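What follows is a pair of complexes built around chain A, which joins chain B in one and chain C in the other.
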Partner chain A sequence: MNLILFTFIVLLGFTSYYFGRKKAYSIQSTKKRLTALPQFYGYYLAIWCAIPAFIIFSLWAIFEPTIVKLLILSDYSNQGYLDDELNLIYEKTKALSRGQFTGEITPFIKASAEKYLSLRSIAQSSKAVIVLSIIIASVAYAYKRISSNSRTREPVEKFLNAVLFTASLAAILTTVGIVFSLIFQTIDFFKVIPLFDFVFGTHWYPAKAFVRDSSEALDPTMYSDTFGAVPIFAGTFFIAFIAMCVAIPIGLMSGIYLAEYASYKVRQYAKPLIEILAGIPTVVYGFFAALTVGPFLKELGTSMGLEVSAESALAAGGVMGIMIIPFISSLSDDVITSVPQSLRDGSYAMGATKSETIKRVIFPAALPGIVGSILLGVSRAIGETMIVVMASGLAANLTLNPLESTSTITAQIVVILIGDQAFGDPKTQAAFALGMSLFLVTLCLNIVALRVVKKYREKYE
Partner chain B sequence: MIKIKAKDVDVFYGKKQALFNISLDIEENQVTALIGPSGCGKSTFLRCLNRMNDVIDICSVKGKILINDFNINDKSCDVVRLREKIGMVFQKPNPFPKTLYENVSYGPTIHGMAQSKQEMDEIVETSLKKAALWKEVKDRLHEPGTGLSGGQQQRLCIARAISVRPEVILMDEPCSALDPIATAQIEELIDELKKEHTIIIVTHSMAQAARVSQHTGFFHLGQLIEHGSTDKIFKNPDNTKTQDYITGRFG
Partner chain C sequence: MNKNKEQLLNKRYKAEKRFRLYGQSAIFMALLFLTVFIFKIFSTGYSAFQKTWLIVPVTFDAELMMLEQNPSKEDIQDADYYDIALKSMADLDPNANEDQENELKRMVSYFFEKEIKNELLNDPSLIGKTKEVYLTASDDLDQVFKGNYPRDLPEDQRRVSDYQLKIFDQLVANGKVESKFNISFFTNADSREAELAGIASSFMGSIFSILVCLMIAFPVAVLAAIYLEEFAPKNRFTDFIEVNINNLAAVPSIVFGLLGLGVLLAIFQLPRSTPLVGGITLSLMTLPTIIIAARASLKAVPPSIREAALAMGASRMQTTMHHTVPLSMPGTLSGTIIGLAQALGETAPLILIGMVAFVNTIPGSPMDPAASLPVQIYIWAESAERGFVEKVSACIMVLLGFLITMNLFAQIIRHKFEKKWS
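Up next, the complex of A and B:
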């Protein structure tokens, strides 16, 4: 029903566009000069169709359920029901009307369900009638009003502006919403677990919190020495560090090669190939790390007489580094290429060789951009989850030995939220606290990175 | 004294020929101006003289260019040494994004010309003085070169070019991005520099060529139509094309 109505409105929109344009053409044919191109007259009418439709649809979406509910429950008023019971009755009514009700059907509920259905169908048809008549009225009104000197271009541009603004507002509001949901859960978490214990505690053992029976009262002392985040922060930065040790040199060198040394042909093929690396899903990197690199390192280590865990920070970090190579190489290739050719010419003309030019002129000029790309790489390393979960294990050891297994913030969030979760439980809230810390860390990194990149841009434009 | 002798130089960009059979002698310690409508190959010819066309992949140069009787297109020519001897100043000022000091000391560092910090300081100071920039910048040597005005930046580039005491300085429309006052300063400077250096300047301004040069070559569609003393080219050219160009009938 709604779909048919919607299609109809869209068709109406196209028709009004057509009529608007047609009227503009006919005005034009009388040798009058229009204030805007004929299309604008068309768009103008289409907007007169879209805006009322949108307003009525949203009003309906907001008020219809409330009004229907009020009408249904008015039958039950003054009978001494509590609010909760009324809500339950309403839910039963709705379920029955959809044929999904499984309990005992009382005559009252049955009557309500019938009433519900008839109310809904009245609502639907009145909506259709109202929408269509208002649209037709508004389009007709606008159609009569447009003339050779009416302003159509400005409203159309304003409308577009508003639509685009709304789109970006939606993105921003979602982010704000996510951050707020993080903040409140995090605050609840720190009501039970002292901030000090979280930041400086060296034992992370959320499994201890799993054994709590949720019917018991919450006893904060039970969680002492459970949520100390030091090991996982250390693990996060340690694995990210290993990853960057792989990614920075290789990425940077391949970026320099692509930008300065590779011939046009090589570059044409090599660049997309490297970018394929960026398109591999991280879960594939994950099992590459867990099933290939991890066992290989273990074997290699054993043959050298070293104790290597099958799930090691080295395997996870190394593979993560490979994953980040394309970011660094591609971004630094871009910044190096955007160093103006005139600087290269200036340096060559002084008798500098290629490597001297790169070392003394191009690299310093591109450095801020390169640092920016590295910071973006770091923030990816810190936020990466799958590789760590699969290849470095879930036990939060506090260690700086790359051959042992460690865990990261992201991996621990997975551990905590897999399986049953109870809201309002410190265990679940711990995930939010971790998410919040992760968000803050990557936010700072990204802000710094963007600042640096921007500063670099300003210098050359 | 003839410093540079170009003999039958052809230049190709890919398959397209940009210069045809150019032969031109350039006098030592004088200013030679290259004029002609844009796209006629002046820059291309200038870039042959310090092998800057090597930087362009598709560019190939045929023919002989003798500098001090040595053919720079020969395989045995060391481009690093060549460019030490032949400095270049570009159309758009292109100081490195480094300090003024580092800009000027760039060449001497690369060629290992200074044994001590003191020596380097001296080179920087004399280069800036010769480029008539010293007075304006002596208190801000450690500020970025990109912070100067356009005219100052171009003089900084000249200082950078002369820091390695080149025998020849190539200038490709060095004033085209500058205002009249900065242009006048650079022209004055060119007159001063020719005492110690041989200068070849590409310019699109006829008046400038007449003011600063002793010799002029007129290029058209990749050919050197006419060359000779500036006086002769401007007052009494042999070729009607030159005549037309000089009097502004095409360009």
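Up next, the complex of A and C:
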């Protein structure tokens, strides 16, 4: 039904375009001067035909279920049911009206189901009638405007401009959506778990919260020592630190080499090859770390008499470092190439060697940009999920030994939310609280990094 | 004095050489990682494209199958194949006791009944006759045949018994074991049994997600880029939009998963585990990438084009839509493809919206539950069975193949169609 109406509106829109254009030609044939190109007459009529209809159509689709539900449940309003029971009654009614109800059918429910069906059919037909009359009214209005040869290009362009503007709001909407989806769960979480316990607690066992049943859920003392996020924050920064220990020297040195030493040919091949590392999906890195690097490190450690866990922070961090190499190398390459040649020439003229020039002149000049690229790399390392989930442990140990397993914010979110989740459970809310802290940390890093890089660019442009 | 100077100079030259060497070794290291990586994936994965078959003589005994004389197609469809299937496996060793018969049965996949049935459905005249039928070997024997299974382990630590190995070796000696191209890897959905598991369901899931992502992200991103680059006034609000876009491009992907879970599933009540929700989540992620690419290529269109159009009396909207946007399309398209390639490799957000569920059917629309290729890699990598290791690598090869094709395609579009302004 909805689909038919939808296609109908679209088809009417197209027809009114041709209709409007035809009208324009007929005006033209009476030797009158048109106020715009003929197709604008068409666009004008088509927009007036389809847009109001679509607005009504979608508003109806949004509000119809709520209104029907209210009407159905108004029969039960004075009988002292709880909200949950009312919802159950409504679900039963819907199931019965679709013929999918298997339980015991009470007369009440049967009456409701009949009412539901009649309400739905009234709603469907009245929707069709209203949408059609809206189309007729607005097309008649627009057609009158066209016939009197009033302006059509300006309104059409204004409309297009509004569409473009709305599209550009998508980025803001996404950010709002992220904050919105995180903030309510986070607030609920901190109602049960004090912020202090979360930020400074040193024990993280979300599994402990899972076994409790819902009647106990409101007692905050139960969760003391369950949601202390220190081990997780520590693990996150520790693994990111290991990753940067691999990525910074290799990335920075290859960036410098590519920018200053490499011949055109080497650069032409080496740069895209290194960038392949950035295009490999992270789940593939995770598999590589878990299957190859982890066991390799374990064997290496055993042969040296060290005890290495098969899922060590070192394996996850090291592989993550490999992943970040191209980010740092290509960004620092860009930054170094944009240092003005005059600085180099000055240094060479004073008799400095190439490496001295790089170390003493170019590097300090490019430092802000390089710091920016490193910060972006850190933000990526903190937000990386799959490598840690697959290659490092899932238990949150508070340790600084790279040979043991640790866990990160992202890995814990996955551990908690994989499978079915119950909203309202402190364990689920904990995942959103972790997500909030992750979002805030990476947001700060990104803002600082982007600002530093931008400042740097402006300096030499 | 002079000697000192020479020493100093030598020292400086040595430092120069050392520095150069550091740079070369950094590049070498990065390329080494890449090589080891690709080598490892290919060396573990290529064998998954082969599948081991046991050739077993099957007697289609009408009595055992409970078939009447001159059975119709439906009768054959409904007949009982378990007994003849079991018997043909047991006949491999005439002296087998009951336990050993059970072990013999486990040498093939649990699908063997159906394979025998299909044989008869293809050729109903086989009733009462004996024919050699290809049966899928169990994943452990598959690995033994490919040489990936350590045969020298003590018996209680392997999943293949000595007896099974003995019979298997006899079959190999008689040429009754064959390795053929593994079609079922591409046509089967996921399965708990490694020898039957395929990528068809996750492949379709990926395709649907990417299509949904493309249909949402591309128009919105292009329109937003046009507004920001061509129409937006320079004020605080548009600055704010810009900051937002740049930030979103660097927000960790898992946060988008939380967005999908908290808004799309919890508030809008969209169906869980479906490519529809996955695609919407991914589209929010790719949006900034495409906007940035589209803006860059709009910026690259020289102002003279716009000035010429305006001078001919076109309005700003006409100038943009008829001249600037078409000229910027190659760059926008290649940016879109690169963004989609990123989305195709994304795992974490899809896990959060439930696309890790075990799905053993091939989805027919974006509203059916499905996995996606990277999630399939994760699911298989987490399962303990040896047979899944090569499957994971093979799945990675398929995924990487896709990513490489998409990136090449983006390069081709960029180089072939982009106008060089000079």
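FYI, the second predicted complex is superposed on the first by the 277 of 461 C-alpha atoms of A that agree within 3 Å, B and C clash if a C-alpha of one lies under 4 Å from a C-alpha of the other, contacts with A are read in each partner's own complex, and residues count from 1 in each chain.
The criterion applied here is as follows: a contact is a pair of C-beta atoms (placed from the backbone, for glycine too) under 8 Å apart; a residue touches a chain by one contact, two chains touch by 3 or more.
All figures in this text were calculated on a predicted structure; none of them were measured in a lab.
Using the contact criterion defined above for the overlaid structures, shared-chain residue A:Val335 touches neither chain B nor chain C, since it reaches no partner. In the superposition on chain A, A:Ser347 contacts chain B only, with no contact to chain C. Of the two partner chains placed around the shared chain by superposition, chain B and chain C are both touched by A:Glu356.
By the touch criterion defined above, A:Leu45 reaches neither chain B nor chain C.
Looking at the shared chain after the overlay, A:Ala171 reaches chain C, while chain B stays out of its contact range. By the touch criterion defined above, A:Ile239 reaches neither chain B nor chain C.
In the overlay built on the shared chain, the residue A:Ala365 is in contact with chain B alone; chain C does not reach it. Of the residues of chain A, those at positions 353, 356 touch chain B in one of the two structures and chain C in the other.
Those residues of chain A whose C-beta lies close enough to touch chain B in the complex are 263-264, 340, 342-353, 356, 360-361, 364-365, 459.
For chain A in complex with chain C, the residues that touch the partner chain are 153, 157, 160-161, 163-165, 167-172, 174-175, 177-178, 180-182, 184-185, 249-254, 256-258, 260-262, 270, 273-274, 276-277, 279-284, 286-288, 290-292, 322, 325-326, 329, 353-356, 358-359, 376, 379-380, 382-386, 389-390, 410, 413-414, 417-419, 421, 423, 431-432, 435, 438-439, 442-443, 446-447, 449-450. Chain C makes touch with chain A in their complex at residues 12-13, 15-16, 18-20, 22-27, 29-31, 33-34, 37, 40-41, 44, 219-221, 223-224, 226-228, 231-232, 240-241, 243-248, 250-259, 261-263, 266, 284, 287-288, 291, 315-317, 341, 344-348, 351-352, 356, 374-375, 377-378, 381-382, 389, 392-393, 396, 399-400, 403, 407.
Per the touch definition, chain B reaches chain A in the complex via residues 50, 52, 55, 57, 79-84, 87-88, 90, 92, 94-98, 106-107, 110-111, 146, 157, 160-161, 164.
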